[in-house]
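So that we are looking at the same thing, I have put the structure below in structure tokens.
Naming follows writing order (A, B, C and D), and every chain is counted from residue 1.
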Amino acid sequence: MTALEPRTVPGCAELAERYDAVRALTERLASPLSPEDQSIQSAPEVSPTKWHRAHTSWFFETFVLAAALADYREFHPRFGYLFNSYYNTVGAQFPRNHRGVISRPGASEITEYRTHVDSAMHHLLGGESDAETLRLVELGLNHEQQHQELLLMDIKHVLSCNPLRPGYTRQSTPEPTATPPLTWSEHPGGFVEVGHDGVGFAYDNEQPRHQAWLHPFALASRPVTNGEWLEFIDNGGYRRPELWLSDGWATVQSEGWHAPLYWEHRDGEWQVFTLSGTRPVNAAEPVCHISYYEADAYARWAGARLPTEFEWEAVAADQPLDGRLLDPDRLHPRAAPDGRGPRQMFGDVWEWTGSAYLPYPGYQPPAGAIGEYNGKFMVNQHVLRGGCFATPPDHMRATYRNFFPPAARWMFAGMRLARPL
Amino acid sequence: MTALEPRTVPGCAELAERYDAVRALTERLASPLSPEDQSIQSAPEVSPTKWHRAHTSWFFETFVLAAALADYREFHPRFGYLFNSYYNTVGAQFPRNHRGVISRPGASEITEYRTHVDSAMHHLLGGESDAETLRLVELGLNHEQQHQELLLMDIKHVLSCNPLRPGYTRQSTPEPTATPPLTWSEHPGGFVEVGHDGVGFAYDNEQPRHQAWLHPFALASRPVTNGEWLEFIDNGGYRRPELWLSDGWATVQSEGWHAPLYWEHRDGEWQVFTLSGTRPVNAAEPVCHISYYEADAYARWAGARLPTEFEWEAVAADQPLDGRLLDPDRLHPRAAPDGRGPRQMFGDVWEWTGSAYLPYPGYQPPAGAIGEYNGKFMVNQHVLRGGCFATPPDHMRATYRNFFPPAARWMFAGMRLARPL
Amino acid sequence: MTALEPRTVPGCAELAERYDAVRALTERLASPLSPEDQSIQSAPEVSPTKWHRAHTSWFFETFVLAAALADYREFHPRFGYLFNSYYNTVGAQFPRNHRGVISRPGASEITEYRTHVDSAMHHLLGGESDAETLRLVELGLNHEQQHQELLLMDIKHVLSCNPLRPGYTRQSTPEPTATPPLTWSEHPGGFVEVGHDGVGFAYDNEQPRHQAWLHPFALASRPVTNGEWLEFIDNGGYRRPELWLSDGWATVQSEGWHAPLYWEHRDGEWQVFTLSGTRPVNAAEPVCHISYYEADAYARWAGARLPTEFEWEAVAADQPLDGRLLDPDRLHPRAAPDGRGPRQMFGDVWEWTGSAYLPYPGYQPPAGAIGEYNGKFMVNQHVLRGGCFATPPDHMRATYRNFFPPAARWMFAGMRLARPL
Amino acid sequence: MTALEPRTVPGCAELAERYDAVRALTERLASPLSPEDQSIQSAPEVSPTKWHRAHTSWFFETFVLAAALADYREFHPRFGYLFNSYYNTVGAQFPRNHRGVISRPGASEITEYRTHVDSAMHHLLGGESDAETLRLVELGLNHEQQHQELLLMDIKHVLSCNPLRPGYTRQSTPEPTATPPLTWSEHPGGFVEVGHDGVGFAYDNEQPRHQAWLHPFALASRPVTNGEWLEFIDNGGYRRPELWLSDGWATVQSEGWHAPLYWEHRDGEWQVFTLSGTRPVNAAEPVCHISYYEADAYARWAGARLPTEFEWEAVAADQPLDGRLLDPDRLHPRAAPDGRGPRQMFGDVWEWTGSAYLPYPGYQPPAGAIGEYNGKFMVNQHVLRGGCFATPPDHMRATYRNFFPPAARWMFAGMRLARPL
């Protein structure tokens, strides 16, 4: 059961409506950005905004339109080379780490490209389509939703490299609030069902659903906060090798890490660069922009550990699928709500798990180019769960597996503690 | 239950005997090597032979003698700095990647150092000792056995960098033999007990023993052979990105891999550098010196996958603990013996598993410096099982977990296929 | 006698007129470029167009306006940090190799910055000023003229990195013409006066004027052409180590050089990327975009050598100061005109000399920040003479010393042969 | 007139005697070193002692014996590849920066190689030889003398990388002495003859002798001392960018330079690593192990400049050719002797000049492989003059040109001030 074989596929009309909504949201997210903002690549793993806008269009052009519309005319003969990310099956790719040296096509030409693709997609979805095509449209929409979050991660990094520290938007700073106390939810362990059941969309890497065996554990009621992280810093957290994995300690040394990414100690206080510019660190908010190495070190310092992805999923399966997911007017994680039991499992910050990103038992990637979507990244990464304030709301579920290398910090990642019982 | 809390500890007399045997074997392994041979570091992860000889002595000096003998006099005040590998708890370390710039102490002074430590150890083991000291002696012996294998891995790499391709020894080349056909052993899955039960020595990372749930699978009867690897090469294995993990393919490109490490295509045939010099590739022998990336790509090409470490252990637990382990007169993997069912689970070549090297449920490293032995490496590595022709025979067991980064190739690593049922 | 102590200084009115002309030309050169084009840095030594536009304004703001106008209000408090190139005396600088990660200020805000500075400069030059101020204005104008050429060099590099190979302008390709034969002009050697005599503007590095002693030599009548360079290539020029300086040969190997920068062998012929896009190599044009290493190797291959800068100057001193210098409508070197004697000494392509860039006897840099303009670069570079098609016409003279490291190729550099008599 | 066409060539008997003396001195210099000492390469530009011993033998084998003795049998078929330094004309070379990974041949096998070559050379020089052969023998002896100094430079660097800081020899520390005051010798300038006159041996790069024109200048009576250098340090010399060439300042920053190479501030005082181990800095000794960048910065700080190589030579031509040159029992520069006028022009420390290393007017390298000896290095280097305590006494003359890149510090280089009159 893979992403391309869901039990149900939405129909053309429904997909057409979703298509318009998703495409419009991408443009809304890009709208505060100048042509210059949209062209910068501040690190090899960061892509320019205009590249995201083009690549998501290329995805529909290549995997849907070229296959489904006999007379489809591609917008530009070289865009396949420029905007293919990593699909070797469909051709060579312009080197990822040079995306920032391409001034043309500019942002406005990318708008034309998007319009061209949209027009063809409207034509396609205005008629009848086979299930395979509709599945690929659905995949393309989910793909674009992933890039909406990437667009925000990436533009934050771009703007942070500017010594003027310009904000992406001008949203007001929330008032500091109290931090609810951390409590623990116990889980008896035993057999749990994990992975996606095939009802509705899921990626191939969430499948097949299967039985897993858990040992008894407890999970923290909320993510680790900035206030708790400040204690870790003040307790020498970044200077004590015994707290760190060996590779983590080497990274602390070579990169000079002494706080989460985007934190700066200025004028006697800790400040943090946000999508609305620099402001004081708010102790009640969940910590964000930490690497796996930092999450692991913090857990050791706290006498706990990270949950496995199945422990996390076992608890999350019982939680309502809400939380602070993408709202373009509120682009920052917020403090946990009061209350008992697990909270903030979805939204605010992604949560590192102790699980390496590996295939589920019996996993098979889809045939063809789409098989390169997820499977080939199953090494050297750890799984994160739960989504964040930049994840589109209809793009989240308890079985969703995000993944990043252990040193990565530019995604909106925090952590939640666990411990064995 | 950790390495330092085994149920039984050997007594002084038994340990004294084992001490002499282990220490003598290290010297035997170094004996074909000139002072120059013993001083070279050919890559950051390769240590000079004399460093291994000194570091294993430092281990006894630091963790046993300094603690147990009130009047112990260290051999040299700066050797702690020079020969501490990575134990931050006991002090700073000379940078690992500069071990090859140290000409003094020379090989003969290291011999004096070893004699000094041996003399004190004889004194210690000639009397009475507490259980904690004996446990540390036992750990030190296992530690030195690990370095015996490392010494052979490292000197092979050193000699391979010399365009004269000198051999470590002059052992005769075995006659080519037939390759037994590959068959599959089926396993029904279900609950298995994995991890060490605490009877006899084990490392902390093999513990605690715990229940794991397996899905039904089949395991190949023998490792992949050179002959099969040649088919992979001839079928474009190193030129087809669709077979590779993304990081693996990037490594193939950047490193120019086109065959296992130490293979060279010369004079129209594939040759391989061995500890006895260069000779033709023997199709019947298990393939050796492959990375995780290559093992994974081969498995995909073969329509199979790598076993997990628990699948491997579930099968190995029923196998006799024999095989071609360290014999200084036969330093090369040999073809699988004929017969039915799983063979060569132990010895010849280490076998990559698909399992990331992570802590077992409830794992706790020992307190103090010894806690740095294994635990801090639990990221960015994959587990290998079963030992090889360079692993001392009394240093192997079904629960033993070796681990290396996925791009490493200089250890004696091969692979065995698995598939789901 | 330094740049800041010329014998004559133009008056306010004359400088005001020149100011407007120079500033307008910069904007004209930037006008074909989109905001995205203006923001890219394609190599550490390449600056974005908008940076050139801002930096030249910062120069007037910092060295003229802040000193001469008591009530001058700087445009932005952080622009000093962003747009200071390398003047340590006036403050820290944003790292040169990160200029391409700054999206804001954008191109249009830079326009506002230029307008702000222009307005203050008009105010200043509309009144009376002391000689020191006027000298600094003159220096600022010459400085901006240098950046006009740099702007063209840099944008050519930026656009060349784009696989679409977009042109900066759409100028027509000249018809291939015949190459005039190379003849030699003999010079008897002896004493010559070199360096600037202080009449009119010159940089400090052209001074003091002094006597030099030359051995008899001959100088080629024109630069080396593309056609001659093709012979060098066809004769194995890039594959024969005996033709190269040792550092040059190492660079050929490490960089994979096999032709001048911007040459590509496509569809069976040599093509070259120009400011008007890609077109076939024209054999009659002077070769351009060669490094010192290549110039030196070619000279050795041709049985000749490069001229020294004093040999070049001794011949150029008698030549009329004309040639194909900057004309925004003709941005490419052209074939030598017919005729006898030395031609093309000025314009078309800069000419590498065999002289290291070192101070003249008695050289003293000016006091203060302006002293950093030239003097601190007097190591690891070679001198080029004569200007090119991108050098503003009133910015050239026989004593002008340009300089680049021996491996640099992105400037418009060619070569002319010399030989001893 | 090149190195291979001197006016006079010593005869066989004289060369045989010199051959034995030179070869014996090399072995004497290597004699304090263990096999391990002789095998280490501590930096890409540093060669192992045993490599020097082999390479100098290879030079005779390749350029003399193979050509002059019809039945000469090379010692080993692969030594040409291993011990060719950089002569492309005679074949490929093992990569220079990997010389430290070769354990075999070991030091004792190199001794056999030397004996083999010596025996053949004795045979050759015991008979009659043509002038060309004798010139090559003479060149080989001068070549080996250069490597004697390199051997000492290189082993000092090797030993300095060892945290035990072992000494090469155990020579006593001289008593601190008074520093003679610095005085200035004036030179009227005008025409001088520079370069070698062809009487006796000289390298090709010292030729042709030619007329040069000097402006009046003054030269310091002695090199800069450690005591003066301490003032430079204390005056912020390494922290003030305005004193440095731009490339020099970048190097200071990237390398963290804050004193000459081998200086360490320990226990409240400046100490220096010498060939006899670490000892306090002696204020009266000439400063040693400084780069061109440091020499240039010091001169600027002192209100002076470096002499050009012709200024230096013009003064040295009148000095007696003595000084503290190589004496294996005194391997460290010593304080200037008392007296008036220029002293220490020869010996103690090499003196940086402000002259780039470039060919003399009319320079032609010899034909064939020997032409690669000097000419191909004439870029990116500066000239040093005068020899040092490690230069063999009969290997020095006023016209001798040594050369190193401006950032190099491991040679025995100091400096002497000059100033214009």
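We take it that a residue touches a chain if its C-beta (ideal position, glycine included) is under 8 Å from a C-beta of that chain, and two chains touch if they have at least 3 such contacts.
Quantities reported herein were computed from a predicted structural model and do not represent experimental measurements.
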item	value
Co-neighbours of subunit B and subunit A - touch as defined	none
Centroid-based (C-alpha) most distant chain relative to subunit D	A
Distance from the mean Cα position of subunit D to that of subunit C, given in whole angstrom	38
Length of the line joining the C-alpha centres of subunit A and subunit D, rounded to whole Å	60
Computed distance of Cα centres, subunit C from subunit A, in Å	47
Per-residue overlap in subunit C, given as positions that touch at least 2 other chains	none
Chain contact topology (line, ring, star, complete or other)	ring
Every chain pair meeting the contact rule	A-B, A-C, B-D, C-D
Contact footprint of subunit A on subunit B as seen in their complex	86, 88-89, 191, 210-213, 215, 241-242, 244-249, 292-293, 296, 354-356, 358-359, 361-362, 371-372, 376-380, 382, 406, 420
Touch list for subunit D against partner subunit B, complex	34-40, 42, 50, 78, 81-82, 94, 98, 100-104, 106-107, 158-159, 161-164, 166
